[in-house]
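Shared between the two complexes below is chain A, which pairs with chain B and chain C, respectively.
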Partner chain A sequence: MYVAQLTLPERRAALALACLVAGLGLTMAVLGRDDLLGTHGALVIACGVVVAIVVMRGFYAPSPSPERLSSYYDDPTRAGIVFAMIWAIVAMAVGDWVAWLLVSPDLTFDAAWSSFGRLRPVHTSGVIFGFGGNALIATSFYVVQRTSRARLPDQVSPWFVLLGFNLFCILAASGYLMGITQSKEYAEPEWYADIWLVIVWVAYFGLYLRTLARRKEPHIYVSNWYYLAFILVVAVLHIVNNLAVPVSLGHAKSYSAFAGVQDAMTEWWYGHNAVAFFLTSGFLGMMYYFMPKRAGRPIFSYRLSIISFWGITFMYMWAGSHHLHYTALPQWVQTLGMTFSLMLLVPSWASATNALLTLNGAWHKVRDDATLRFMMTAAVFYGLTTFEGSFMAIRPVNSLSHYTDWTIGHVHAGALGWVALITFGSLYSIVPSLWGKRAMYSPRLVEVHYWLAIAGTLVYVISMWNSGIVQGLMWRTYNDSGTLAYSFVDSLVAMHPYYVMRAVGGLLFLIGTVVGAYNIWRTMRTPALAEIGDFAEAPARAAPTLAAAE
Partner chain B sequence: MFGFHYRLERHALRFVIAVILVAGIGGFVEIAPLFTISETVEAAPDMRLYTPLEVAGRNIYMREGCYACHSQMIRTLRDDVERYGPYSLAVESKYDHPMLWGSKRTGPDLARIGGKYSDEWQVAHLQDPRAVVPESKMPSYAFLGRTPLKTSDLGLHLKALRKVGVPYTGEMVANAPADAYGQAAPDSPYAAGVAQRYGEATQVRAFMGRQGDPTEMDALVAYLQVLGRLTDVAKAQQAQAAE
Partner chain C sequence: MTHDFLVWFSKSFGLFWLMAMAAGVLVYTYWPSNQSRFQQAARAVVDDEDKPWR
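And now, the complex of A and B:
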């Protein structure tokens, strides 16, 4: 049905691109026939062929009416939301599974693919890129059109960006299971997947700029600053950190251009700023649009937005070295990292404050509307997590927290409490209108999802705080004779109850996500408003004369 | 300032350039000097290179995601040093493309695991961790012992490593598969060349207790047994400090 919206030249272009991708896959399959690269080549061929078949089947559908040009192009956003929810369920399920593996490590069936080490990146990449990335792409298309009062410039490049990005995610996740990894945390995909992502990302950047160039608003809205920073900086980080030399063009394996201490610094410059520009900047863009929109209140302070935006953009890039305290990294870099991490609290809290003060005058809505409450709670977790992050970057605190589960707790306070909650809030606020419905299928299920998500996050984070601090303290406890009081295994035994608790917390969060996905699916499937006859025209068809969010 | 921004946010390209400049400073100031300041990486004239078998083992370590639970970076903290040995120096990972310092210790640090346990212990532990350490949370890696090691393309691996700065000689590249075989088969004619090319301290022995075509287990154990033993600089430095 999406193909019918494409014009005939666009259908041709889409078909050509799909064939090109299949051709690339064929090249990979031939060059890498003696290696796992060949398997990935086959996978790429399959993806290209599937898209080609879909385009072919709609190829001779009637041309779309020219009226489409007077409305926003939301098909890729719809598909992106569906992809995001699928990735959310898969990746969170894998995450909870690996949590149980730490409770009961014999659940690996004596196979290679099922061990913790191979599944863990499936979880991390799946939630960060699969869930988070699809949500960001989908909402950025939605937001940039409305805040610019302009339609996306064409109908092929958004699909190229969305589907190309998902191909990258599939290559990443399937590669880990087969043992294809660079072993750089959060940058595990190998050289060919990395190059592909660069191509997709350039298209994404171009699409964004072309849409902005068509805008009818003189100013670029705050959300777009954040989305732009997300696209730009992630590109820079990705390219630099993934510089590598492949063993050969027929090998999936490559060797990083950097080694040792330089590699460590580059990796954590990347790793920390993936948090900053993927998981913070992009989602702040989401928050700056959907939260005021849902609350029916303007952003509290335009100046605070400016200060926090440039503060975050400037200072985050210095903070990565706090991942390397007390290591072989020169001390001057560690100190710089710590200093900027502390200063970073100012723009972070400026954003959180700006968000929460936006709700002034709308707190009754927060009470009654779980969707808005998702976003409010996300802003609170954003504030808490950024405070915790600055705190953990202090060298002596880090000597206790580093290498322990405290870090895992911190990451999940951000990932569950901030990233996932702001995403669910945003999705719940646009899913009904995108599918031409008045409201979500079940507001009660939104409420259920909210409480499951909150309970899951709290159980998870609190268990990891406990285990992390216990672990850190046990490692450094001395007995009266001046020797270490506990062996490493002693600390491992002490972790067991917390690992059970964490896995339960994760399960609660996962159930919430499944409830959310079910609710979204039912919303999509209920008869449209127009069919019921309540509205002559569904909101999704509204013309671009719609007021922008400012 | 706000007036300036009021104008800036009306031009997409200017905004883009501003973001790149503002975001670029931090990384540049922190990373670029690490390549130019010579004190960043200590001198270690006795530093050995990973043998082809150890490179293969290191690749298995990465493939299996061992770094997700094991760090290879002993910090300059008293309890870290007393638990794991002299703190890690930058030079010790100077040939590590990429580094495997890790970020989490679900299991213990492995920076100086080499020589701490016997080969038999390592093999038994990898095959069934809980047979050796009942409380362990580690998965079983028994399949490594059943999987023959692919050695035919190790020369290409060394070549790629040479491109990124590891000083492998042409002779090392040419003999990579034979050296991988010889290191785990001390009685074979290929064994002598390994010590000759990679130094007398190279550990040439049957890691799994049997000679012949090496398995992935041989490679991984060879790698684990060399961790922390490519140079003696860290130990020498600690001994010097103690005096």
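And now, the complex of A and C:
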């Protein structure tokens, strides 16, 4: 259905790219026939062949009308939203499984692939890259076109970026289950998947710049700055942290180019900036566009948004070493990371305050409209989490919080409360018009999703705060003879009730996501616009979409 | 390149370029003639935009 929108040369290019990917897969399969690399080669062949078949099936469809050039190109955004919701359900379900595994370790059912160490990265990569990444790519295409008042420059490269990125996610998740990992947190995929992501990411960067170059607006709106920082810095981080030498071209295994504490520092320079530029910068781009749009009010202070942009971009770069307090890392590097983490509170709160002040005069909308409330709550959680993060980076605080569940609670306050809520709010605000509908299928289900998400996040975060502080205190309590009062197993027993609560909180959040996906799916499938009324462009926009979907 | 040189370089040049960058950002942000462009950009987002300008 999407192929019909491509011109004939674009269909040829798409087919050639799909065959090229299948050819790369064949090379991997042949070179790695004695290794797990061969299995991944077969997977790449399968993905390339599926795309080639889809293109061939629509190859002789009539050429698209030139009319298409007078509208934005939103097909990749639609597909990206669907991918994001699929990844969200799968990865959050695996996350809840992992949570129950900590309650009851027998839930691996005696299989190697379902052990904690393999499932956990499926959850983290699935939610960060699968859900977050697809949502970022989809919304960035949407926002850059509208703020530039220009259409994407071509119709093949957005698909290359979106599908190529999802191939990377599939390689990552399937690799973990088979035991392929380079054991760097949030950068687990091995060298061949990393090289593939570099190619995809450079194409993404080029596409974004080419679209901006076509812009009709004199000024580049601040959302694009945040999206661009996300794309550019993630490329730099990814390339440097994944520098490695493979055992051979026929093996999945590689060894890092860094050793010892340098390796740890590079990893956490990457890891914390993945939080900064993958999980913050891009989502701030979302917030600066969709929140003013939905509230119907321009951002409170555009100047403040510029200052916070440069503050976040330059200070985050230095904060990574706070992950390595009390390690072999030199003391001054730890102090540097701590200091920059504290200073980061200023631009972070500037963004959160800017967002909340934008809502002044629109609070009645926040009350009535769950979509805007998603975004408002996201801004509140952003403020809370950045405060907590700066606090936890202080070395003595870190001595209590590090290695405990407090860290897990902090991450989920950010990932659930900020990243997921701003994403759901943004998706709910564009899904109806993208599929030519007047509103979501059920506003009431949006409301249900909102309250499930809030309940899930609060239960999750509060139970992890409790268990984290209990853990931290038990590990540092000494008895009269100067030895530890509690064994590690004692602290594990004390965690049990909190782990049950956490798994329940995660389940609530997961149910909310399923409700959201169902609502989006029903909105897509609603046959026609029931009431047209004040939505004047609706028939023109709805007609081609429906023809393509059926 | 020696360790001593690197420390000297990061403690001198490193400090100044960060300060210079901060000053540059503030000057750009508060330059009076930029104000109208910023406000126009902020307002343009809220306006309806259903088609590219051609």
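What we mean here is this: the second predicted complex is superposed on the first by the 529 of 550 C-alpha atoms of A that agree within 3 Å, B and C clash if a C-alpha of one lies under 4 Å from a C-alpha of the other, contacts with A are read in each partner's own complex, and residues count from 1 in each chain.
Everything below uses one rule, namely that contacts are C-beta pairs under 8 Å (C-beta built on N, C-alpha and C of every residue); 3 or more make two chains touch, one makes a residue touch a chain.
Because the structure is a prediction, the values reported are computed rather than measured.
Chemist: Applying the document's definition of touch, where does A:Phe165 land relative to chain B and chain C: first, second, both, or neither?
Modeler: So A:Phe165 meets neither chain B nor chain C here.
Chemist: Looking at chain A, does chain B or chain C touch a larger number of its residues?
Modeler: Greater contact footprint in residues on chain A: B.
Chemist: So, does A:Trp310 touch the first partner chain B, the second partner chain C, both, or neither?
Modeler: both
Chemist: Report for A:Ser71: first if it touches chain B alone, second if chain C alone, otherwise both or neither.
Modeler: Second partner only.
Chemist: For A:Arg151, is the partner it touches chain B (first), chain C (second), both, or none of the two (neither)?
Modeler: So A:Arg151 only meets chain C here.
Chemist: Mind working out whether A:Ala264 is in touch with chain B, chain C, both or neither, as first, second, both or neither?
Modeler: first
Chemist: By the touch definition at the top of the document, which applies to A:Pro218: first (chain B), second (chain C), both, or neither?
Modeler: A:Pro218: touches chain B and chain C.
Chemist: Have a look at where A:Pro121 lands relative to chain B and chain C in the superposition and call it first, second, both or neither.
Modeler: A:Pro121 contacts chain B only, not chain C.
Chemist: Please indicate which partner A:Pro105 is in contact with in the superposed arrangement: first for chain B, second for chain C, both, or neither.
Modeler: The first partner, chain B, only.
Chemist: Of the partners chain B and chain C, which touch A:Ile299 in the superposed model: first, second, both, neither?
Modeler: Touch status of A:Ile299: second partner only.
Chemist: Quick check on the output: what are the common chain A residues between the chain B footprint and the chain C footprint?
Modeler: In the superposed arrangement, which is not itself an observed complex, chain A uses residues 218-219, 303, 306, 310, 314 for both chain B and chain C.
Chemist: How about chain A: which of its residues touch chain C in the complex?
Modeler: Counting only chain A, the residues touching chain C are 69-72, 145-147, 149-151, 216-219, 221-223, 289, 292-293, 296-299, 302-303, 306-307, 310, 314, 537, 541.
Chemist: Write out the stretch or stretches of chain B touching chain A in their complex.
Modeler: On the chain B side, the touching residues are 2, 5-6, 9-10, 12-13, 15-16, 19-20, 22-27, 29-31, 34-35, 37, 39-41, 59, 62-69, 71, 73, 75-80, 82-83, 87-109, 129-130, 133, 135-143, 153, 156-157, 159-161, 163-166.
Chemist: Which residues, counting only chain A, touch chain B once they are in their complex?
Modeler: 101-102, 105-106, 108, 110-112, 115-118, 120-121, 176, 179-185, 209, 212-213, 218-220, 225, 228-229, 232-233, 236, 240, 244-248, 251, 253-267, 269, 273, 277, 303, 306, 310, 313-321, 323-330, 333, 336-337, 340, 399, 402-404, 407-408, 475-476, 478, 483-484, 488-489, 492-493
Chemist: Can you list the chain C residues touching chain A in their complex?
Modeler: For chain C paired with chain A, touching residues are 18, 21-22, 25-26, 28-30, 35, 37-46, 49-54.
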